[in-house]
Amino acid sequence: EKILMMATTTSTDDTGLLDYLAPEFQKDTGIVLRWVATGTGKALKLGENCDADVLLVHAPDAEEKFVAAGFGINRREIMYNDFVIIGPADDPAGIRGQGVGVALAAIKSKTAVFVSRGDKSGTHQKELELWQAAGLPIPDKEAWYVQTGQGMLATINLAAERNGYTMTDRGSYIKYEANLNGNPPLKILVEMDAVLLNQYSVIAVNPARCPKAQLELATAFSDWMAGERGQGLIGGFKLLEKQLFTPNAQ
Amino acid sequence: MKPPLYTIRSLVHAYDGGPPVLAIERLSVAAGSILGLVGPNGSGKSTLLKLLAFVEKPTRGEIRFKDRPAAPFSDAVRFQVTLLTQEPYLMRRSVHANVAYGLKLRGRSRDCRPQVAAALSLVGLAAERFADRKWYQLSGGEAQRVSLAARLALQPEALLLDEPTASVDAASAELIKAAVIRARDQWGTTLVIASHDRQWLYEICDDSLHLFRGRILESGADNLLFGPWQPGPSGFWHKPLAGGGVLRVPPPPDDQAVGVLDTRAVSLTAPGAASPQGLNTLDGVVSRLVLEKNTRRIVATISVGLLALTVKLDPERLQALHLYPGKAVRIHFAPQAVAWCDPA
Amino acid sequence: MKPPLYTIRSLVHAYDGGPPVLAIERLSVAAGSILGLVGPNGSGKSTLLKLLAFVEKPTRGEIRFKDRPAAPFSDAVRFQVTLLTQEPYLMRRSVHANVAYGLKLRGRSRDCRPQVAAALSLVGLAAERFADRKWYQLSGGEAQRVSLAARLALQPEALLLDEPTASVDAASAELIKAAVIRARDQWGTTLVIASHDRQWLYEICDDSLHLFRGRILESGADNLLFGPWQPGPSGFWHKPLAGGGVLRVPPPPDDQAVGVLDTRAVSLTAPGAASPQGLNTLDGVVSRLVLEKNTRRIVATISVGLLALTVKLDPERLQALHLYPGKAVRIHFAPQAVAWCDPA
Amino acid sequence: MDFLLGGFVTAIQLLLTGDSETYSAVFATVRVSGYSMAASLALGVPGGFFLGHFDFRGKRQVRLVVDTLLALPTVLIGLLVYAFLSQRGPLGEWGLLFTLPGIAIGQTFLALPVVVALTATAVEAMDRHLRTTLITLGVSRTQLLLSILWEGRLGILAAAATAYGRVTTEVGVSMMVGGNIKWLTRTMTTAIALETNKGQFAMGVALGLVLMAIAFVVNFSVFFLRRR
Amino acid sequence: MDFLLGGFVTAIQLLLTGDSETYSAVFATVRVSGYSMAASLALGVPGGFFLGHFDFRGKRQVRLVVDTLLALPTVLIGLLVYAFLSQRGPLGEWGLLFTLPGIAIGQTFLALPVVVALTATAVEAMDRHLRTTLITLGVSRTQLLLSILWEGRLGILAAAATAYGRVTTEVGVSMMVGGNIKWLTRTMTTAIALETNKGQFAMGVALGLVLMAIAFVVNFSVFFLRRR
């Protein structure tokens, strides 16, 4: 039996995407896919330590470093979803429909509660980029800036409890919406800004460093995901009638 | 006369829903008296003492202390009554801390060293040698005496002692005797003492209580006659004895019943003396003669095979019979003098 | 003659680096003998028994069993020797399980009910009434007897008993005496028995050992004379006695030293008899007379104030003096007959 | 492997340089475990005493329940406490969600079965003569409790040490109820979990060692109670 | 709040309908805790006996270390075991990473201090006359150990129950060493953590209750040992 070990981020698992893809993948290729779902940082670390054959992650900068350091090869962009900024329906900072830069500045100046993942995950790294892009210093000890160090849904829940804003990937938000039967207290306020793209990639672990890494299987997975079959399945994955991921393999 | 310190009415005690192990219809203990408790193992002595100490609650009936009811922890008895249990238990502390514990409870914590030393010396332990020892650094008898010292230090109104001399040497037993008498005379303490050492006990008691299978026997019941009994001629029942001879008794309630023989009903004669018609006649040997200090009478133990019978004599009678340990004697008593214990 | 079962050479024992509590230069225990251990509290009896049972290792010196060295758990002694400890400890099991435990260790587990019942009956407990009781459903004396039964059931080669009758009633003490003698006679068991009940002990022992402050006293050392001593005229030291009279002794090693007086050096006379020059002369009262079964001699206890002296007499001498408990007598002994114990 | 050594070095650096993030988590941990230990000992020791000392019908059944509660998952406790403290929960008014006292409440539930079960066991193992002895010396009910606990202090100490270990290493309650908010409710364990998730294994090890150092200090401070 | 009731209903449904994901996690939990309890009892009970029974120099210091190890954070153990079992670690060859036996190794380290500390306390609390009595009845060294443990079984039982509670509720080791791989190394606790992370609180509660049900069955199966 051929077993492919993958390290991935929580969002692919939490949304149920992998549970949906793995049986199809096995049907097509005979390869059993197993995965450890964890923070992007830890997923990369598992790759670095040769404890996985392939990675499915979403932190382009960190990924490039990972490949550059020789830990991984054949990085391949597979799909994306996008980030949104959500907040209480009454929107105390008045950011609804604004651009990301303006929205963040408004939150800061109104000292409205903003909840950050604070965990070096792909989402968190994206958030830090956005503060920088908006020309704002990255907050740390400010009372309105809450760093949870937790997963996405826990962070959204915390934001809801605090009546605050947060940034999330759309997939997690849809999941959150589903958990609350479609009527959550936090609503999407900022979306569809070009800077909010969230790119997922597949990277094979470098067999030159890790003799036991199964490059053959990793490549098979990568090809399958980027191929017609995988891309079609990703595009067809829906939750609450909403598409979560957009395939974009070249 | 002073009112009794304890009064007991219709007391029954059983452990955990088992059979009753103690049943006392009525009993009172006079203030300032020393009462001895005797009886075979399992006769209920310790049970009675624990009830008198209000450590356990009786299953039925009532024990009144100074004519008031009391229960474990009740303030009326907490500092007035103390019990030396049969298994002397020392807390995991030094000897000093063990003896001082009760004093501290009574608020006499301010430098109780002299009091502790005085209590230890009452039981023959030098404070310099023993006060700082740990609880486990004692011999059996020393531990027993430390426990007793911890009770004596409290100068209680009622002091209940369960086998205070069980593993204590002869010299210390004498000291304890003196301490007990002093407690009564100096502090007016009332004492109830259970002991198997009858010689020691009879030398200090004003009165003694015989327990048997949880019941009080009439006083003078030093001799217990055990079955099995067989029916015999002329309405009496029999038991053949090891060294020859036969014991005749009135019809027992059952063939394993235990008979009680009052010492006063037994008479001693020279060996070979004519035996009056109808009396039990047994030949035995004097095995010991002990002076009963209070009465100046002599307690003689006569071995008849495996049976040991106790007889009390005046010095005059003893001299007349030329008794000495080892001397053969003949015993007479009427079968009718044997009474039957209530079945337990 | 059979070789000794135990031989002890230059034995010293101390607990946890404390002072030595036992020091025995040499001692042997003959196979099949019954040895009594007497001595005041803390004299080292239990310590010696624990060493003989190979429960503790001596600090220095050696104990050989059947002329071979042995240590705790060694196979040479594991099933041959057993000790009844002073505080009888029952495991948290039924009476039956407690008595059967040792049998099971010896592989005799297959239906040991009859063996257990036999052992219980040796100590006077009916198996039907007691075998199924839990360990805590026993009176003090019953527990003690169950512990003893657990040892008797093993029919060991060496049976060491520490205060086997401490809280046992008189009838059971007689039963235990019979059981001990039977063990020796039927199984050839060697017994070492520590007890404060000298009457009971002397009735079964072939020989007895007097311990005092961890050392063996010469035999016949029933009388211990305690200080404090004061220097007096003509080279002797003195101690005034409570009831009048003075004890004269040879110069002691220190003023708290303990003297040993051989019973054989003491003579009894009628009160008021002329006192030979230079002897101690004390007036006292006979408090008890006990028959020593083996020798047929009589052990007399004489109270001189608070002092109790022991004297052994032939029946003839006793009759000549017309002794009975309560009778006044005069005692003589030479001051030189008092020997001094080694300081501990 | 190398992150183990690295972690050790980092642990010492963090402690010596007075790293403010680390110290913030240290204080949070100390405060929270202080509260929860105080509460669970105050409730659990008398409770355990009662359970161990007295005989009553159904005692063994109660023990069974307590033993089962030893296996109360921290996340479950976290969820339950969260349900009550959430804004939408019955105690939302108290504003205890995402606060240290909130975590302490959850940890108290975690420690309580440990303290009760082990105290009861310790009390049960004590010589049955102790009670009688104490009563005959004239204790009041309270003094009886205190003296028995003092005699059994080694057992209580073990109960406390075990409960402390459980409280101080749990993640579930702290995450769920505390929210792992930096500078505020981030405790040592949630910090360790975070660093590990970030792939900062050396930092995780370092914080773990710091946590053990705290435990050492705590246990050392009750060392004297072990004297016999 | 409503997720509590929902969780309760779901728990019963999961158990009755034989939900295969749940049962997979149940079996993983039972297997892993079985291994780790067996290992930690086999090592810890004799160790605790030794520590409690014998007097030796530095005994109190050893106790201090053991008590400190009670506060060994699960994530730290997870990291340590990971470091050894990782492909690049010294024991990478064994292929134990992301397997149930791998988790069990980590959990054994977690349970060991609990078993040792509590067994030692239980043995220490036993009557000092027991040892003498057993030797005089002729036990061998092994029988001495077994009999003392049997007499102190309530204490050992408490040790085992506490260790079981700790092992069965821990997340750190299972996550780090096991990887929470569905159908393979997903245990009840990692499943609960996952569901909670996904915001599926009712499911988290349900799985938590299932876990407690397992604990109840386990404790019930040793119930008879409590008879006195």
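In this document, chain identifiers A, B, C, D and E correspond to the written order of the chains, with residue numbering beginning at 1 in each.
Note that a contact is a pair of C-beta atoms (placed from the backbone, for glycine too) under 8 Å apart; a residue touches a chain by one contact, two chains touch by 3 or more.
The model shown is predicted, which means the values in this text are computed figures rather than measured ones.
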item: Set of chains whose contacts include both chain E and chain C; value: none
item: Interface sides of chain B and chain C: same vs different residues, half threshold; value: same
item: Where chain B and chain D are represented by their mean Cα positions, the distance between them in whole Å; value: 53
item: Whole-Å gap between the CA centroids of chain D and chain E; value: 17
item: Chain A and chain D: spacing of chain centres that average the CA atoms, whole Å; value: 36
item: Computed distance of Cα centres, chain C from chain B, in Å; value: 23
item: Per-residue multi-chain contacts in chain A, two or more chains; value: 38, 150, 154
item: Contacts with two or more other chains, residues of chain D listed in rising order; value: 86, 127, 176, 193, 196, 201
item: Chain B, residues touching no fewer than two other chains; value: 87
item: Chains grouped in pairs wherever the two touch, ordered by label; value: A-D, A-E, B-C, B-D, C-E, D-E
item: For the chain C and chain B complex, residues of the former touching the latter; value: 15, 18, 39-42, 45-46, 86-87, 137-142, 145, 162-163, 166-174, 178, 196, 198-199, 224, 285-291, 296, 298, 306, 308, 315, 318-319, 322-327
item: Of chain E, residues touching chain C in the complex; value: 127, 129-130, 132-133, 135-141, 143-144, 147, 151, 228
item: Footprint of chain E on chain A - complex, ascending; value: 5, 10, 13-14, 19, 34-38, 49-51, 150-151, 153-154, 156-157, 175-176, 179, 210, 212
item: Contact set on chain E toward chain A in their complex; value: 86-88, 92, 97-98, 175, 179-182, 184, 194, 196-200
item: Parts of chain E lying in touch with chain D, wherever the complex brings them together; value: 1, 3-4, 7, 60, 63-64, 67-76, 78-80, 82-84, 86, 88-90, 113-114, 117-118, 121-122, 124-127, 152, 154-155, 157-158, 161-162, 164-166, 168-169, 171-172, 176, 188-189, 192-193, 196, 201, 204-205, 208-209, 211-212, 214-216, 218-220, 223, 226
